[in-house]
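Shared between the two complexes below is chain A, which pairs with chain B and chain C, respectively.
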Partner chain A sequence: MSVFKFPESIRSRPVYGILEPRPGRSHLMIADCEGAEAILDLAAQASDLMANTHIIFIPNGTLFGPKLQELNPAQYYEGPSFAAALSRIQRVLSDAVMGLQIYLTGTEGMMGQAQNEAMQAGYDYTAIQTEHRGSVARRMQCVHCKGITEDVIIDPFECSHCGLNLFVRDHYSRRIAAFQGVCIDAEDPGNVPASVELYS
Partner chain B sequence: MTAPAPNSTAPKSIGAEKIKVIVSAIVPLNNLVTRFEFKRIDGYQFPTFSGGAHTVVEMQDGDLKRSNPYSLMSDPAETETYAISVRRDDQGRGGSLFLHQKVQVGATMTLSSPVNLFSLDLRARKHLFVAGGIGITPFMAQIKQLDAVHGNWELHYSCRSPELGSYVDELCAKHAHSVNIYYDDKKQSIDLENLLDGQPIGTHLYVCGPKGMIDWVRRSAASAGWPDAHVHHEEFLAPQPGKPFAVRLAKSGLSVEVGEHESLLEAIERLGVEPPYLCRGGACGQCETDVLESEGIFIHRDHWLEDDEKSSGIKIMPCVSRFDGKILVLDR
Partner chain C sequence: MTIQFNDETFRDDYSFSNSQRAKDRFPFPFHEDSYMYSINMEQHQGGPADSIYEKRFDVDEHYIAEMRDRALVLADDPLRCQSLPHMTLAGWDLLELIMISKSEDYPELFELHRDGSKWHWINKPMGIEDHFVFMDETTLPYGPMEYITRQTQGDFCVLDQREDNLWMDAGMVTTQADWSLDFDIGMNFFEWHAPVPLAHEKGIFKRALKFLLSIQQGAPARRLNWTMTVNPLLDTSPENYHKWGVQKNSLTPENLGSKQHLRVELQTFFRLPRSNGLVFPIRCYLMSFQDIMSKPKWGRRLHRVVRDLPEELATYKGFIDKRPMMLDFLAQYDDGLPTSFGVWPDDHSEPSLQK
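Let's turn to the complex of A and B:
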């Protein structure tokens, strides 16, 4: 099951919708993992989009690639990681003209980073469609050392840079495309509750 | 060099902060449009503003006090002088006619502090301006603001004829490569579809002009896939004349008859009650007022209330909306 309904939280926490076809000159769809399913759903509603669509897919071990290719998009790229796909995303955005519709789907970490790239290209983030699919693991920033730890699925967790025990907050930064992790045992070092899986 | 004005005590609303001015110059631009320039009476500097801001000009026309918003079109960094350009509207309620016919150099008037409901989005990679007729005024200030920081902008300005093309000469002389002029009487029109196609990502589109033009530009942009957040428009509604009607103000315990050429907001102010306001043109939402009792038909004309609020009969925007009926009681 790739759809997860996030409970209500503070205003800082991103909320995601369901991708819908919108009129546009061209369409950029960026997905990782189960995000492919959201693109397949979207294409089922509006197959005519694909003639002007560029799909950038990061499978991360999933096997959706051939199905996405069968949609016959104008351009299709598969990359092993977001970092590997980044230069292509940046190039596509820098060449893009208004009338481009942007669709992001998959994990929060990927969507946040892709949104950040679109924002830096001058595209208003409120106009970017997002749909969460797949893992609820998060991209976390340690507020102390500023290091980023990817794919955090337990709370609290250990910062992969400075080793502090961090509490997973819903406080989010669009600029950094990460949730904030705050030291949980600052006042009583060593007093760290047992980690639990997020949303378990 | 004059000093900036000292901070006064906090106003009830921004629109309530008033500046006494003297009319320092009146410059007719063509048959319809005249520029009015103002200097402060107290010798202080005007506040700087951001391009797209308007000021509300108070006009004492006999017994009638009108307060009409006009876009500031002077340089936003210029603190000695404010300027507005006013198109004479022979069919309107008389605010523009009053300025054109009764105001002379040396007259004292009252302006509100600037309020901006049509500001530039400074995250934009490019600013694309579409103006129709007198809708050029906010862009005059925005262009000066952007020029000071070498901003990337382009203007497409449609006017009826060369004779009525306010500021065309000035714009073309200074910015030959950024300004495009279209004259109706030469059958020239903006090729909007092609203009919107190919603008670099991060472009923001701004339109100011007649309602038909605003609707056309917004509709075209939406169908070409431009996000709403990248499309900005300014449309002030002038209050329209209408049948006189009576209103009772519950909190103040006062009653008043709203005259044919007077807005509900102006009638309330005539009693000495000071409701909040900013734009006086049905756009900003500041003057939204609760209706406590009514028997009759609301004539809603604003862009602020949602359709269900308009039909609910419990909200009214007194700056532009009217009422036709026996009883109207407001929470003021």
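Let's turn to the complex of A and C:
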């Protein structure tokens, strides 16, 4: 099941939509994992987009690559990780001209980081389409050591850098592309509740 | 008047204390015997003589010690002061506002001499004297916002105004009530207030934003906010929460009166002339419960406010667990007599404690 409806939350928490074809001179679609299915859905609505589309896909173990390639996008790239794809994304954004449409889909962590790159390249975040698919794991920043822990699926969790026990907040920074993790046992060290899976 | 600056600390041995004058002018934030969020704005055009409202930027006995504490925080974590690249002009606006205000309001402490863009600034309490070229960053040891806010009490949020919103795009934040500039920088008004409970639903932030967007040059506004802090700790940052959080558990019925502090923020809002930004200074005043109890009216009222505060607010303000212990202490100072309206202590008209 790749579609998850997030419950209503606080105002800093990102909300996602459903990708829709928009007129544009060119189209940049960045997806990871089940985000590929959102691109397949989009292409089913508007197959003519693909002639001017650059797909950047991070499969992360999923097998959607061949299906995306069958869409015959103008350019197609598969990367082993977001970090590996990053320099290509930056290059595409720096070469872009007026009329580029940006579509991001997949996990929150990937979309947040890609959105941040587009913002740094001068795109207004409200003009970038996003659609969540797949895992609800989060990219978390430890407010104490500032370290990022990727793919956090339990709350509380242990910071992968400083080892503090952090609870998962909904407070989100676009600039850091991460949710905030705050020490859960600061007032009573060692008193850490059992972890539960997010949205379980 | 001449201010005697305290040699005191806001960490380790916590030698901070309030003189009688500081107690008399403490901005007790409750105008009635209960509390709920409100926008509670008023003009910031002076106030009663010697009150904290009298000057545009209040300088008090804690000035030198607070600036020393800020320098320690910044040495440990330079990210407490940040300015996005488009905010430098607003930083110059802020430097100008503070230098002019302080040199006019406290001529015995601060001097500003201007000859075109050649400026000469003298800060006597801190022993600082600099010649620089206004709007030329290379002539100051720090960026303009950092330079002047290392010499001014209170945190400073410098907000950009665009798209009918305010954006937290620069700030000097070392005495914060548990929020992170490093995390929140770049957020808009609704986003950085996102974690605050109840107030969104009450439409508080929508109305506050409307008010703030229309603040004009020369017409600053102010309001009070408050929270609770154990020990007179200025740096109650989320960054260091894993270090200071445990102090909350050091409260005992015996030490609560001296350790538990009411933390009051005087928030002011000034339009900045060149950038059309808004500066939002957040000035922190701390007073121990036992010092507050020296004002009978405040003693009665604090008990009633803490007792009746909605659970969500006591949780958000971080003292829900200690509320019963606080109430045991505060109840001793509440004899049930009525209190006069307004924030002032009314020392001469309010009856002393009747028990």
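The working rule: the second predicted complex is superposed on the first by the 200 of 200 C-alpha atoms of A that agree within 3 Å, B and C clash if a C-alpha of one lies under 4 Å from a C-alpha of the other, contacts with A are read in each partner's own complex, and residues count from 1 in each chain.
What we mean here is this: a contact is a pair of C-beta atoms (placed from the backbone, for glycine too) under 8 Å apart; a residue touches a chain by one contact, two chains touch by 3 or more.
These figures come from a predicted structure and were not determined experimentally.
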item	value
Superposed model, chain A: greater residue contact from chain B or chain C	C
Chain B versus chain C as contact partner of A:A127, first or second or both or neither	first
Partner chain(s) touched by A:S173 [first = chain B, second = chain C, both, neither]	second
Touched partner set for A:A96, first chain B, second chain C, both or neither	first
Touching partner for A:R22 - first (chain B), second (chain C), both, neither	first
Touched partner set for A:A186, first chain B, second chain C, both or neither	second
Chain B versus chain C as contact partner of A:G163, first or second or both or neither	neither
Residues of chain A that lie at the interface with chain B and also at the interface with chain C	none
Sites on chain A touched by chain C in the complex	10-13, 141, 143-144, 146, 164, 169-171, 173-176, 180, 182-183, 186-189
Interface residues, chain C side, partner chain A - complex	180, 182-187, 190-195, 200, 238-246, 248-249, 321
Chain A residues within the chain B interface of the complex	22-25, 93-94, 96-101, 121-124, 126-127
In the complex with chain A, residue positions of chain B that touch it	123-125, 196-203, 205, 222-230
